[in-house]
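Below, subunit A partners subunit B and then partners subunit C, in two separate complexes.
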Partner chain A sequence: MIATNASAQAPIGRASRQWALHAAVNAASALQGLLPLIALLLLWQVLGDPRSPYFPPPSAWAAALIERTSSGELLPAVLMTFQSVAMALVVATALGVGIGGLIGASPRLARCLGPTLEFLRTLPPPTIVPVAALIVGVNDTMKLFVIVFAALWPVLLNTTSGVRSLHPTLLEAARSLQLGPLARITKIFLPALLPSILTGVRVAAPLAIIVSLLAEMLTLMPGLGALLLTAQRNFNAAEVFGLLTVVGAFGFVLNAALAAFESWALKPQGRS
Partner chain B sequence: MTTQSSFECEQLCIDLPGAPGVRRIIENLDLEVGKGEFVSILGGSGTGKTTLLRALAGLTPYSGGRAAYEGRDVRSPVPGMAMVFQDYGHALLMWRTARRNVALGVEGRLGGDELDRKVQNAIRMVGLERFQDEYPWRLSGGMQQRVQIARALAMEPNALLMDEPFGALDAMTKASLQDQLLAVQAETGATVLFVTHDIEEAIYLSDTIIMLKGSPARIARRITVDLPRPRDQIATKELPEYLRLRHQLYEAFRHEIHA
Partner chain C sequence: MRSMLSRAAAAFNAPALATAVALLGLWEVGVRTATTRFEFLPAPSEIGEALYGAIRSGQIIGDSMHTVACAVAGWIVASALGAAIGLALAFSPMVRRFFGTSLELLRPLPAVAFVPVAVLLFGFTVTTEITVIVFASVWPVIVNTVAGAKAIHPRLLDTAATLHLSRMQRLGKIVLPAVLPSAMVGARVALGLALVVAVIAEMVGNPAGLGWGVVTAQEALQPGLMFGYLVATGALGVLLNACLRASFARLFPGIRELAQS
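Up next is the complex of A and B:
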């Protein structure tokens, strides 16, 4: 028995090592992909004029960022934006999976809600900001609302098409095993839809960042967007470029984190 | 007689929607399957074998007559019955290990040691002990189908409904799973309804073979297989009675085979 157990577990141990290796290779290749950007920044640093009012070299950006950090503004702004984006993604995922799942499961609901959702989906999120500010006021709820409004659709649409492409045999197996509605949702639907949902979230994440920054710029609510706009209004080019780098890194890290989560979550399904 | 029967159909009619409109698949079919009997439903492709099985499993609604299991009308899946699908790749949960797939049907109402015991027993019956912690997508087709059969067995069914379970497997895997199924049936005494288009498989496994023919389908013949048990892949298939049945059934399907 011991011998057979060991031989059964061996491939699993090997698989997890392979997966870790795979993840490391992925991270390395992602960093490798950033090399042209790093080269460009180095070139800029070497050839750029440190006194240029419009194109200050990266060292000037760093100095400006350090100043913002020591004045205690940068870190809270990053955290604020991150908090808005993360919370909005959680809400958008919950709503998108719920509504998308129902629409995918019920053709009648799809007919009833389809055109309305299609109309709402085509509204550009920036145009929602003034409307939401009028109705809800300039506060965190409004910000959350507009980000969710933008991030909802990819999750919703992916979930709907995921439900529609569930294999009938899987659903019949669940029926013939007489699983209750709750067990069907938690044990069959959600795990089966996980790849579709996660793809939706990954598409939604950059949208959430865009709209979050936009809302901050339009309303000057605390966050990276407000910091960026203030720097621009003060003609502080170095800080603008510096904050732009922070925004880029923010998106890059968020996307990498989601990709790692996706790869980890889908490992048991053999789809990572 | 009714207490002895597991499945009963009286004047059963099944209609299915198709592109040109509703099509009648099964018409006025009468069938009685005794408890503990191994019955194969044999027929060419598209004759409605699977439709009949699905109606008895409560997965396809019927439009007329009656389909009953242990005296009660079947309208939806009933406790005591377990279905095994041909398409194991989609019937299994790829994100669960073999063992947790086997537990799926029973974990809702059992827990702890009793759950473990039933799952382990089912795994033992199909010989999956070494692979129980592996994910299905890492297993061969035959092993995946064993997982699905074990999942059905864990529910300790009185009736096992199998829809061409070995149809997608190679000849050697198929033979080994046939023997495993016969051993499981001998151990559990379950009634088995087995859909197949493989004449030799039907003879080798069954007590009774129901031959479906026509469109809409009716029972063309009901054949009693009088071969001794336990059966053996070599010895049973050399018995004169086996060869006689084989001849008779191939003769009956001759025009369909050549069609």
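Up next is the complex of A and C:
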């Protein structure tokens, strides 16, 4: 709980060399772990029939992707999906921390709102997509709404349980220091809750991607989901497989970025 | 029986009920009086009516049966497959070394993105739906099985060695019982996921079941029915989870944490 910077003062040269060694070992073992996947793709490439309507080899995927990129469709679609996911995550985090914090702090509120929220949480977010499309209409607001609805719960629940497990000493320290409400939030609550909040965001991110893709598929709003569905409707298997790798990379990069952000944000607390 | 009743009485939460009723009332009044911007927003009474009608006509029951059957079928395959993969990953360094990263790379692939591929391969069929369900819900089982296997106390394995248990005996008498609790936590997560993914697959892959019901209700501009499907899907999730928890508690009475949480 106490912020320490002592470990950062360690001899830097040795630490960085160790880090490089560690990274190299990690990379080597990761590469080893990738071997079966690479072997499978290679076999597919060598044995696959390039004109196969169902199993086009990886080179055909790449060709299809390059064609989409040069026609100027792929990049805007990726950016569009990323933009909606990122914006929804920000909104969901703000809402989740706000509501979750209040519910965690007030048992009475938790008792009143708990079951209603519990019921809302059981509604599968994907089912919300067509509902929102009919009621709100097909536009960016609706997309934002459905993604936020999916991504809200992990953040909210994690914040609530984070608030409940705050150590009483922290609250007493705030009282004995006579901190105002604002200082109490920024100096005590947010730093102490940060790990739980960030865990919630990391759980929420894949959900946000799924719902964003689904919304794009169902409404054909511009984005990766719409590209995927169009490719499927045109029976363009190579493009479908290619886009699948793009979506996979998208999720991977987003998760890695969030993990990096988490370890950066938690570093001052010595918990990274 | 009495203890169950008293527990139900203790769990009864009047303020929560009042809040829910007040919110519903506010919604009802809001829709009936004010001219909202959302012309298709149904009042709660309308939703109830549509849901009741759909239940009486059997439409929503049939759709639910389809969705649940697919979800459960996919879930069973995913649980068996996930437990096997998880045990292999946990106990064979070779499997872990060569397949670990590949699996890690496949894991974050969103299930929705997998639907078009499955549709291309299997067409708009039940196979598509079940394949997608298995792909999506196998991960929690794998992750939890591996975690459970790693948490086995070394002394247990030492005991197995001392007793000269054979490989199969060790698996049946030591490993499986020790892994079971956490594997079942994974299975519970997987069941919830299976239901959601079944609905997704029905929306874009296999035109049947609850997911397709929602989409058709949307296209037919029947907001009441659409919300009815939404409520039914949510209720079904709760029901399935409760059934699973009850049957696990009955099958394996020794495992405490399943009864709670």
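One rule holds for everything that comes next: the second predicted complex is superposed on the first by the 233 of 272 C-alpha atoms of A that agree within 3 Å, B and C clash if a C-alpha of one lies under 4 Å from a C-alpha of the other, contacts with A are read in each partner's own complex, and residues count from 1 in each chain.
Note that contacts are C-beta pairs under 8 Å (C-beta built on N, C-alpha and C of every residue); 3 or more make two chains touch, one makes a residue touch a chain.
From a predicted model like this one, the values you see are computed outputs, not experimental measurements.
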Contacts of A:258 with subunit B and subunit C, given as first, second, both or neither: neither
First, second, both or neither for A:175, with subunit B first and subunit C second: first
Touched partner set for A:191, first subunit B, second subunit C, both or neither: first
Partner chain(s) touched by A:113 [first = subunit B, second = subunit C, both, neither]: second
Subunit B versus subunit C as contact partner of A:268, first or second or both or neither: first
Complex interface listing, subunit B residues touching subunit A: 57-59, 76-77, 79, 81-83, 85, 87, 90-96, 104-105, 108, 129-135, 137-138, 151, 155
Parts of subunit A lying in touch with subunit B, wherever the complex brings them together: 4, 7-9, 11-12, 15, 167, 169-170, 172-173, 175-180, 183, 187-188, 191-192, 194, 268-270
Subunit A to subunit C touching residues, read off their complex: 29-37, 54, 108, 111-116, 119, 122-131, 133-136, 206, 209-210, 213-214, 217-218, 224-225, 228-229, 231-232, 235, 237, 240-241, 243-244, 247-248, 251-252, 255
Interfacial residue positions of subunit C with respect to subunit A in the complex: 13, 15-20, 23, 38, 40-41, 97-102, 104-106, 108-117, 119-121, 195-196, 199-200, 203-204, 210-211, 214-215, 217-218, 221, 223, 226-227, 229-231, 233-235, 237-238
